[in-house]
Amino acid sequence: MPDMNALLAGIPAELTRLILALVALMVFIGLNGLALVWVERKVAGHVQRRPGPYEVGPFGLIQPIVDAVKLVAKQLATPAGADKFLYWLAPLLSFLPIFLLFIPIPFSKNLVGLDTNLGILLILAFAGLNVLALCLAGWGQNNKWGLLGAGRAVAQSVAYEIPLLLAVLAVSFQTGSLSLTEITAKQGAWPWQWNIVVQPLAFFLYFICAVAETNRAPFDLPEAESELTAGFHTEYSGMGFGLFFLAEYANMIVVCSVATVLFLGGWQGPIEPGWWWFLIKMYALLVVIIWFRWTYPRVRFDQLLNLNWKWLLPLSMVNLLATAFAVKLFA
Amino acid sequence: MSAIFDDFPVPGKQVPGDFAKTGQSLSIFLAPAGIVAAARYMKDRQYFIEDVTGLDLAEGFCALYHFAHFEKPGRVTLRVLASRENPAIPSITGVYQGAEWHERETRDFFGIIFEGNPNDGPLLLADEDVAPPLLKDDAKRAVLQKAWPYEAMGVNPVPAAKPAPAAAKPATPATEVTK
Amino acid sequence: MSHCAATELTGDTYTRRFDKGPTGDTLIVNMGPQHPSTHGVLRVIIELDGEYILRAEPVLGYVHRMHEKMGEVKSFTQYLPNMGRVDYLHAMAWNWAYVGAVEKLGGVEVPERAEYLRVIATELGRISSHLVWWGAYLLDLGAFTPIMYAFDDREIILDLLQIITGSRLTYCYFRFGGVIADVTPAFVSGLTEFLARFKSRLPMYKDLVTDNAILRKRCEEIGVIDVDMARRYGATGPVLRGSGVAYDTRRAEPYGIYDRFDFEIPVFPEGDAMARYMVRMREMEESVKIIEQALAQMPGGEHLSAKAPKPAWKPGVGEAYFAVEGARGKIGVYVVSDGTKNPYRVKLRAPSYCNLSLFPELAQGVILADAVSIMGSLDLVIPEIDR
Amino acid sequence: MISQTFKEAVTAVWSMVVGLKVTGKNFLLPQITVHYPRQVVTNLDTYRGHIELVAKDENPFAARCIMCGQCENNCPSGCITIESVTREIPVETPKEPAPGEEAKPAPKPKKVKELTQFLLDYNLCSLCGLCVQHCPVDSLRFSRDVYLAGYSRGEFEFELLEMLKKRGKK
């Protein structure tokens, strides 16, 4: 088929790579999302001295797939009085930008969707879309709890994005780049060569903000089920809920990936560097987030914002300033 | 333990009880009109409200207010009698806010109207017009003296002392209330 | 006018009665009857301004069973199983309150050993009730794991109580003139083992939860109840002792053999949710102490008096009010008898009913999340409130 | 002031670490749940299930019940119904009871009351144990049947005499 070949030749290699990357990422997110559901339930189970899922498949490994099938098979119910368009737009808007977030992340030396020199900026920009989705979900479903949840989601995400950004910026100052590939490359294989050693405070701040950004416990206020029943997704069932659910896990993967790249040396590692190091570090961070959830009570809303404005923001400012001075003085 | 209140502000009969036997160290029988003043007296003596409840007796509806004290032992019971025709008793929610629910509950169960209760809705029962469930059949109603070893509540000085034979229905307290 | 028409269409009579017309930018929400933090079917209508509560009104009666009417249509003995179902978390205390009232009314003697058995069963019930409260309260505050640890311990208590009562939740253990069954050696050894284990578990609870900074932030200075408020609403139990009043029915109106035991009444003066929390945590320790003493002192003898009333027994004309200290506060049972085999009137004074009645005043002006914390700290058992 | 604030913050963060330590430790401890279909609970010696009839020592097919009606009358839930027939038996041969069987009036009036049915509506039972407590001949006891499950209410309407006979055959 010469025509086809010619046609394919006409497509820029960069675009092919991007499309391939998106497809691969879709698989990656899907699989990791399911794996993470399993990990979460297993960790929760063992923390509480229960087995967690164990009936379906070996060690309950098939359980998340069965759950996904159940969610997909459910009827898509729209509550009475809901804004139908916004109501269904919200889960899509929550889930779809996730793919873009993964594109600049270097999973390995060459395993990166799009090596752009503004990678971290791209991620931060598109991560902001999630708030819009939660906001629309809360508004569109015509539920008072949902509305309250949406209000919380917006206030929380807007507030926590700032120290998150500043923490990331400190690393960028230090490495002098916004490209994730470059940031990874500037770190070494061994833990003492990672950015976390130079920027422990930035890592600490980033991690707290990341937990808050992804609405995970103890900062899961938008859905706070003991207060707002289920918050912004009160009325969602079936795959509408499923998409929010998946988006939450995908977002967790994103923030942990970014943390891995920025602070933990990315795919670099002792002995044999490669994507497995990336995955190990990422999952370690994910398990810590999950561990948080099964340990702590939920903070109150005003305390959450107080923590941000009175502690995290000043600290990240100080950190940024210190980094800037240090860079100016020593570099 | 069963000391009588010397300066009790409303006319009524105070009957000390045996706490070990009945769990009530003092019973005060009084007319409905005096209940708010009596409650305020109890409040001033720092008694806390335990509950308000009712009894459907041959003589009418008896409302019982149980009070106890955080430091002193014993239990003081205020007892008022409302007639069956006009079962109205002033509410003590102005003194003891906690009485609101007890009074609403008693109204649900007996149909006693507590005048001045800020909430006139039912509390425990459904919002339909159901007959008060704790009303007794006429035949089954206990006569006060028989049920209790006390003098009848007819000793209340306010309703012009009917030394209450069983059938006597003191309608006077009710008229006292409506004034 | 149009506003009224709208509310006429939406909501039920409670909402309509609650809704006082246009009040500006407020939101009226129904928290419950099905809501994760109302622990059952309690409904609270709340007027919200943003997340701040302007007014709150509990709507009760969703699990109302009219226990007091059942008391009048059943004989004294037949009413016993009802007592396990008023407050399913501390059924023993209700058992005792009713049995105690009837024993007072009929002058029934209780054998010495039965008194000890009653104390042990009731204090075990108190621990298990507080454990459930602890777990559920943390569930309200968003921590999922503590309830599992609490249930781990509670499971042992239930196993123990199953040995003597045969059931695990709705006990019907007490009888007029004693208890239904004596302890077995398995019970005694299991209990000793449990007490030792439980004492080592309490520090873990402290590390995991009590010292946790988030929990402290969620509880301290939240829902402050002062003594006068407790008096006006008749709040008792840990709610009252969290306000600095050392009032415990076990001491104030000694019943059974509580005067023989050496135990403290934990009192915390702050009056906030944390004080109530601390009172309950300390009470578990005190209950352990009481059980240990009771086990050591328990004499031999019969567990049910030989002169115990027969089922068709008539206690004679009279009335009796008997109060015991339940896990939630003062449980009072007022029994009037007209000499027939059925009670003439049974009045149940439920402590959480009185404790909840101060919630509207307490919730005014607090943030929604605090209202959840306050409600949890009051330790509500809805079937007890609705009866 | 500021040092105090920072000290509090450090304590707060430390309390969070302690919390993680507790859950982490529990993570490593063995599970304590009972996996129902594979494992069952064993502490059922004193479990109070539904009541069942106790057979006579000499005859495993006949209940000790003397049909006094104590259990039926004292049951708070009214879930016990006893049905019996009065028969005259000329000879003392234990006979299988048959419902509705009416013996002919014999000249020798030795009347024997015989239990034909002991119905328990377990749907209503509140497991108080008053029937067992007040049975004068100890003809009632609690079963140990904790894993009782069914698909309809009808499955919990037991005929205890029949169950006794089934047990007797085993």
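The first chain written gets the first letter, and so on, giving A, B, C and D; residue counts start at 1 in each chain.
Going forward, a residue touches a chain if its C-beta (ideal position, glycine included) is under 8 Å from a C-beta of that chain, and two chains touch if they have at least 3 such contacts.
Model, not experiment: these values are computed from the prediction.
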{"item": "Path length in the contact graph (chain B to chain D, fewest steps)", "value": "2"}
{"item": "From chain C, the most remote chain by mean C-alpha position", "value": "A"}
{"item": "Chain centre separation in whole Å, for chain D relative to chain C (CA means)", "value": "28"}
{"item": "Cα-centroid distance, chain A relative to chain C, in whole angstrom", "value": "44"}
{"item": "Mean-CA-position distance for chain D and chain A (Å)", "value": "54"}
{"item": "Intercentroid distance (Cα basis), chain B paired with chain A, Å", "value": "64"}
{"item": "Multi-chain contact sites of chain C, meaning residues that touch two or more partners", "value": "145, 149, 152, 208-209, 212, 214"}
{"item": "Numbers and ranges of chain B residues touching at least 2 other chains", "value": "none"}
{"item": "Chain A residues counted as touching two or more neighbouring chains", "value": "47-50, 294-296"}
{"item": "Overall pattern in which the protein chains touch one another (line/ring/star/complete/other)", "value": "other"}
{"item": "Every chain pair in contact, whichever chains are involved", "value": "A-C, A-D, B-C, C-D"}
{"item": "Complex contact set, residues of chain A against chain D", "value": "43, 45-51, 291-292, 294-296, 311"}
{"item": "Touching residues on chain C, where the partner in the complex is chain B", "value": "12-14, 17, 60-61, 64, 66, 68-69, 72, 101, 104, 107, 227, 230-235, 240, 245, 247, 252-253, 317-323, 330, 332, 334, 336-339, 344-345, 347, 349, 353-354, 357-358, 361, 386-387"}
{"item": "In the complex with chain A, residue positions of chain D that touch it", "value": "9, 16, 19-20, 22-24, 26-33, 35"}
{"item": "List of chain A residues in touch with chain C within their complex", "value": "44, 47-50, 144-145, 147-148, 151, 217-218, 220, 224-229, 293-303"}
{"item": "Chain D residues touching chain C - in the complex, by the definition given at the top", "value": "11-13, 15-16, 18-19, 21-23, 26, 32, 43, 45-48, 70, 73-77, 126-130, 133-134, 142"}
